[in-house]
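Pasting the structures in now, so scroll down.
In what comes next, chain A is part of two complexes: it sits with chain B in the first one and with chain C in the second one.
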Partner chain A sequence: MTDQTDARALLDASGVAKSFGAVRALTDASLSVNAGEVVALMGANGAGKSTFVKILTGALRPDRGRVLIRGQEARVGSPAEARASGLVPVYQEPSLIPDLTVAENLRLTDTPVDPFRAYVDDLGIANLRLGALIHSLPLATLRIFDLARALASDPDVLLLDEMTAALPTDLVERVLKVVRARADAGSGVIYISHRFTEISALCDRAVVLRDGRTVGDLAIEEGVEDRVVELMLGARIDLGRRAGLAHAEARTGTPRLKVRNLAAAPKLTDVSFDLHPGEVLGVVALEGQGQDELFDVLSGFRRATGGTLEVDGTPESFGHPADAIARGLTFVPGDRAHALLAERSVRENIALPFAARIRNWGPLKLRHERDRVAHAIEKLQIDTRAQGEVRRLSGGNQQKVTIGRWLATGVETLLLFDPTRGIDVRTKRQIYPLVRELAANRSAVLFYTSELEEVPLACDRAVVIFNGRTVAEIDASEADEQTLMRAAYGLAEEGAA
Partner chain B sequence: MSAILRAHAWSIGLAILFLALLGLAKVIQPSFGITGLESLARAALPFAFATAAMAVVVIVGGIDLSVASMMAVASVTAAVLMQTMPAVPAIVITLAAGALMGAINGGLIVVTRVPDIVATLAMLFVWEGVALLILNAPGGTAADWLENTIRGSFVIPGLPKALVLMTVCVAVVWVPLKRSKLGLSIYATGSHENAAFRSGVAVGKTRIAAYAVCGLFAAMGGLSLTMLTGIGEPVPGPYLMASVAAVVLGGVVLGGGIGGLLGPIIAVFILRIIRTILTLAAVDPNVTTIVEGTIMVAVVMLGALVMMRGRETV
Partner chain C sequence: MSSAPDTQDHTPPLVRVGRFLGDNPMIPLLVLLAALIGVLEIMRPGIVSPFWAGNTIKFAIPLAMLAACQMLTMLTAGIDLSAAVVATVAGFVVATVSPLHGDGAGIAVALLAAAAVGLVNGFGVGVARVHPLIMTLGTGLIATGCLQVYQRLVIATGSDIPDMLEWLGTGRTAGLPNGLFLFVPFAAIILLGLRFTGFGRLLFALGSNEHAAKLSGTRSWQVYIALYLLSALIAGITGLLYVGMIRAPSLSLANPLLLPSVAAAVIGGTSIFGGRGSYAGAIVGALILTVLGTLLTLLQMPEGARRILFGAIILAVTALYVRFTESR
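Now for the complex of A and B:
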């Protein structure tokens, strides 16, 4: 199915491969779209979806494979060329220029104004002002404008990447209607979304990516969701034994964090959970479901717009990261570059948190520091000369430093945001025991991960966030990938919530 | 109408400030008049071109530290050429050389991906050396009629010829450019490079074009130096920092995407007349620079406050 070249195919990509250094993001991705068809492109986090989109739209050049548009080899070396050959994308993040007006943005892409105006009207935005500056408009309006601009340029193939994220429900309905009408009029549409309800309402087929290759091409019919979830999961590498979970008495007494109906613009709408000392609570969510906002609120980077947060029984509202740190909440960002001083030694990086805790001014107690660092490095099994600069360590070892230093320092509440992204399996296996050890030392750990198979290995429980709300709370013993994946795609709302 | 007013609010504010300062100059020194205006415009001429050059690259999201050096190259090129050929072809060659120098700067940044501030710092020294190779001491000549095009007033007294020449030169390049697709691409690239790329803008070519326009304005600045003095000057003048100051004061945002050329050029006149006023008021020249710096920070800060207010009420 996937390598067949249909005469009717508007777009036919086959055998696409792309590597970034040693990382093979795509090995054999294929996708074809016929006139009048809406095709869903699906895949779990890290399956290679965004790389594939970038290649189709010309933002990246593939190492191998070809992209045909209307049977012609497409020259998609840049977004401009992709547009010229008839493929127009609407990205997750609006690609309108913030300091230009609506009219100037249209002129930039040679988009005719009248069809744009008509589409904006169809999509339900009243009072279009062409002279308005883009940066003065709300995000939902910008996404609609971006879509209307793409439609107005009369594309052969329209690619919509998470088009409906952050849109209110009434606009979502209008978007689906307009996109369907466009396909019925003879265009092809590639539709990327995490929402099964939209996909079954709109799409004709679903193409599933896993580990950089196309593993399925299914017609949308009753019960296809389970088949898609199965394909997205595939056979997984065994990451190690399930952590021995001892949490019998963990959930009594005052919780360390008590979160109720927490909301934060733009994506977090209603999240509630308790986190107890000595517990690792997993957070499971697809990309962009509000987890970024949740961690931002808890670590003081952003104010909540609703709901309550209690720390050890006292209500809190953090206005600054320093407030969160003062209450014992420590945030470890997913991007190591934001947590470490890359130019300094491992020793200094591990010692930094205790240096920051010193309340009297004056010279640091170097011997004390040395002892604790030696202890930490031994625990972390960092295969290094500890005097070396952190940037010379591998990614996995860097990540061990960002987590392990809290083990050395002692921490009340640790907020881990996707700590194992882009790390090899061996190092991952060393990270889970670190997280468990933190919990054994009575720390409370909130652990967001984009890799579902980690949840039963590191966590006691997991909350699932979908579309800004907690939709399920699952105990580790029941948290197999199938259950988590279904919940993360909003398919198990009637379940344990 | 109100939209136009709002779009040019910053420039209008600066123009009012300039007129107020002109009034102040007249109060302090009642004999300040047409001659004063004429010499002000003449003194502002090279600064205005340097500022226009800088503004274009700042709008595209870059910076060019070699503006003053390119002016020196243009100045000596014109002065040497005019020894052997008529003025018009000499001017054309000089302007082409300026655009070429700018394009080389831009190409270097785009192709090597060396940060603009580093690349143009290096080119500052390169162009400085080139200028000295062409002429190792002030010399050469300028056609007499050229010197006369910026001396005195144009048609009505009080409208300095230097001001007219500058307005015409800047407008001839900038007005068509700003209305073209390239002009839009320059603003788009400076505002949000990634969104511009995704909208199909050839970001690299746009950047090179902006640097070439910068070089062209710098060449005009170098020509104006030769016209003012009648000779070529191989050592770069104090135009780099002055141009950055005027660009910022003129409402162009460092980082790109916002502003135009009108504001920065009015800002040049403001900075010049402040200097004149302080001289007229017999203020210690060393205090003068302190006052200039203070005024710059104060005006930009005040402007940011006003802008923020305006944005909240929208």
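Now for the complex of A and C:
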């Protein structure tokens, strides 16, 4: 079953390593796909999955290791060469050019039209118009076209990367059926997904990556989910790490945020939770489960398409971040580049919200500003003078500036989106107590993190979002990584969608 | 990247010079200005005199004021191509309304017309999200057209320029042009306003990262409307001063100042991509261009050759300056 040197192997990648500067993204990744097989590639955030995919598809060159397709060293210097050598990828974002028609896009990749038309038909899209402009078509249709185009080019190995995310259920079923048929006809398929239901319905094997290496190659059978989750987490059991949370007092009274059935099409479908003053509520989700949309709605960047949001008992719908800020909801986005004025001083960055409203357009209250900024810098232990340009700071210090901005204005509700992504351990350790301190001072904090081990360190509770809906609510005392990971994969209870 | 303070020993001298100039961008500009004046004195010994200086300043003032329009809008990655036309409109209107309704009314109507263009610009850029280049180009053309229609209506009125504006535009006090009575407070307001007001902060913020400004609660359309209104009012005031200086209202009064005003802002270190610039630089930029103009006139070249040289020098100066101050 797991014989990697099998003569039938259509694709055989072994010992693949790749570093970016000092960061070792992959150390020893392997994967083989035989004819007629669908292999799931799995791994938690940061396991090296996307780097591995980029190497398989030729977007990156490996430092070590080799990728054989049909026993031939694949000359995958570019995606075009990978395609020519027989491996065709389909991503979550369709790789179709928006300003060209369907037919023109097919011509770009030399895709024969008739098989394409047949596959589109099989996949359940009626009345295909080859002359339609790509940007005029709905996303779900484009995903199907992208898949049909890949199938029509008659690939040896098909790589599907999260392509069923946010597709309607009936389309997902057809996709699974068509892909299975393709494998049965002798192709190999690499299937990347977070959904165990799809994987157990479709795949023959699951290959698990962790910390840049392949740690498991399992046959899909009853109970394999638990084994996969275990492998993804590894043996990193370090107990007693919880910094003794001041246990949140009884969560009675009006919640600061009351979210009910919140939806933001297409990804966020049904999220509900309460966030009380004095509480840090973790949000746990795999990539792309609707958490970005949730934070966008709460921070005023996008309007909800359904459900309700109440702030201190009053229904709200924010049309602009200024509305959210007026109600005390302040947002620290995951991407620092979105939040900072790189070429301006730390001081100006922290003081930016002071000037936002028209009545503050006049002369600055310099002393007030200096005091507030100095307070925030001290509180966060930002290594800098206030005059220094933000772009000259380290990533960790930059992140502190984006948080410090709201400390300086006074925090009621802080929306933290993956605040520790890509920053050093020392800074991370400074951020957790800070979050706890905010809660101790009756602020409410919503804390999304892609690193599960942070949940018990910083949060009182966590809600888990899977496939756009809340699937579990877990108390910090039970929020070990295994529980969270299972919930994040939708495995928690009696099989949530 | 590294924030270690002891990196000086490894940096090559040229980079260090570049870094120093990057931190003090006014120095190369002042050096260039001094060099141009030096060349002028060598070419025509004795020309540089207090009287000449006063004259140069007098002609640099309207340019420096229009450069403020460009610099302020460029801070948000915009531009105001209607500025010169607005100045022309203001100058023409004041000269034709004043004889009928008095100087005060003339000035008020002129500034109202300017403000109207500014509001349309601000609405287009801030609310309809039209690119500033297109928006102000369009309103500039429309304003020119309106001015032509207006001229036909008032053709019989004749024109007269308010005494106050003539005094401001042409008079001298203690050898210095009276325009400075307008310009010095104006420049002070812009310089201090950019540093010490919330509005000034927001201009830099919008140009550096509009998303970050939004995240912090800034409604950018409000800033854009206020900005383009301000720019148009500055242009209008410039027109009033300029018509007092030229004393002959015409349909293209201040229009030739448009491209030099953009050039002055850019030479002065304002980035057209937003987020970086200073008004002090733009003022020196205006002086440099004025001196350069004198220099080229003295060369007694044909008009065409003069323009070619003018353009080439602007390009060279800007390229060098940007290279020097941004190579980090």
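Here, the second predicted complex is superposed on the first by the 466 of 497 C-alpha atoms of A that agree within 3 Å, B and C clash if a C-alpha of one lies under 4 Å from a C-alpha of the other, contacts with A are read in each partner's own complex, and residues count from 1 in each chain.
Please note the rule applied: a contact is a pair of C-beta atoms (placed from the backbone, for glycine too) under 8 Å apart; a residue touches a chain by one contact, two chains touch by 3 or more.
If you're wondering where the values come from, they're calculated on a predicted model, not measured in any experiment.
Chemist: Who wins on chain A residues touched, chain B or chain C?
Modeler: It is C that touches the greater number of chain A residues.
Chemist: After superposition on the shared chain, which partner residues are touched by A:321: those of chain B (first), chain C (second), both, or neither?
Modeler: Only chain C is touched by A:321; chain B is not.
Chemist: Kindly classify A:341 by the partners it touches after superposition: chain B alone (first), chain C alone (second), both, or neither?
Modeler: So A:341 only meets chain C here.
Chemist: Looking at the overlay, does A:23 come into contact with chain B only (first), chain C only (second), both, or neither?
Modeler: After superposing on A, A:23 lies clear of both chain B and chain C.
Chemist: Should A:440 be classified as contacting the first partner (chain B), the second (chain C), both, or neither?
Modeler: Neither: A:440 stays clear of chain B and chain C.
Chemist: So, does A:78 touch the first partner chain B, the second partner chain C, both, or neither?
Modeler: In the superposition, A:78 contacts chain B only.
Chemist: Which bits of chain C are touching chain A when the two form their complex?
Modeler: It is residues 3, 196-199, 201-202, 204-205, 208-209, 211-219, 222, 226, 275-276 of chain C that touch chain A.
Chemist: Within their complex, state which residues of chain A touch chain C.
Modeler: 299, 301, 320-322, 325-326, 331, 333, 337-344, 348, 351-358, 360-364, 366, 383-384, 392-394, 405
Chemist: Per the contact definition, I'd like the list of chain A residues that touch chain B in the complex.
Modeler: Touch residues, chain A against chain B: 57, 59, 78-80, 83-84, 89, 91, 93-100, 104-105, 107-109, 131, 136.
Chemist: Could you list, by residue number, the parts of chain B that touch chain A in their complex?
Modeler: 3, 181, 184-185, 187-188, 190-192, 194-202, 257-258, 311, 314
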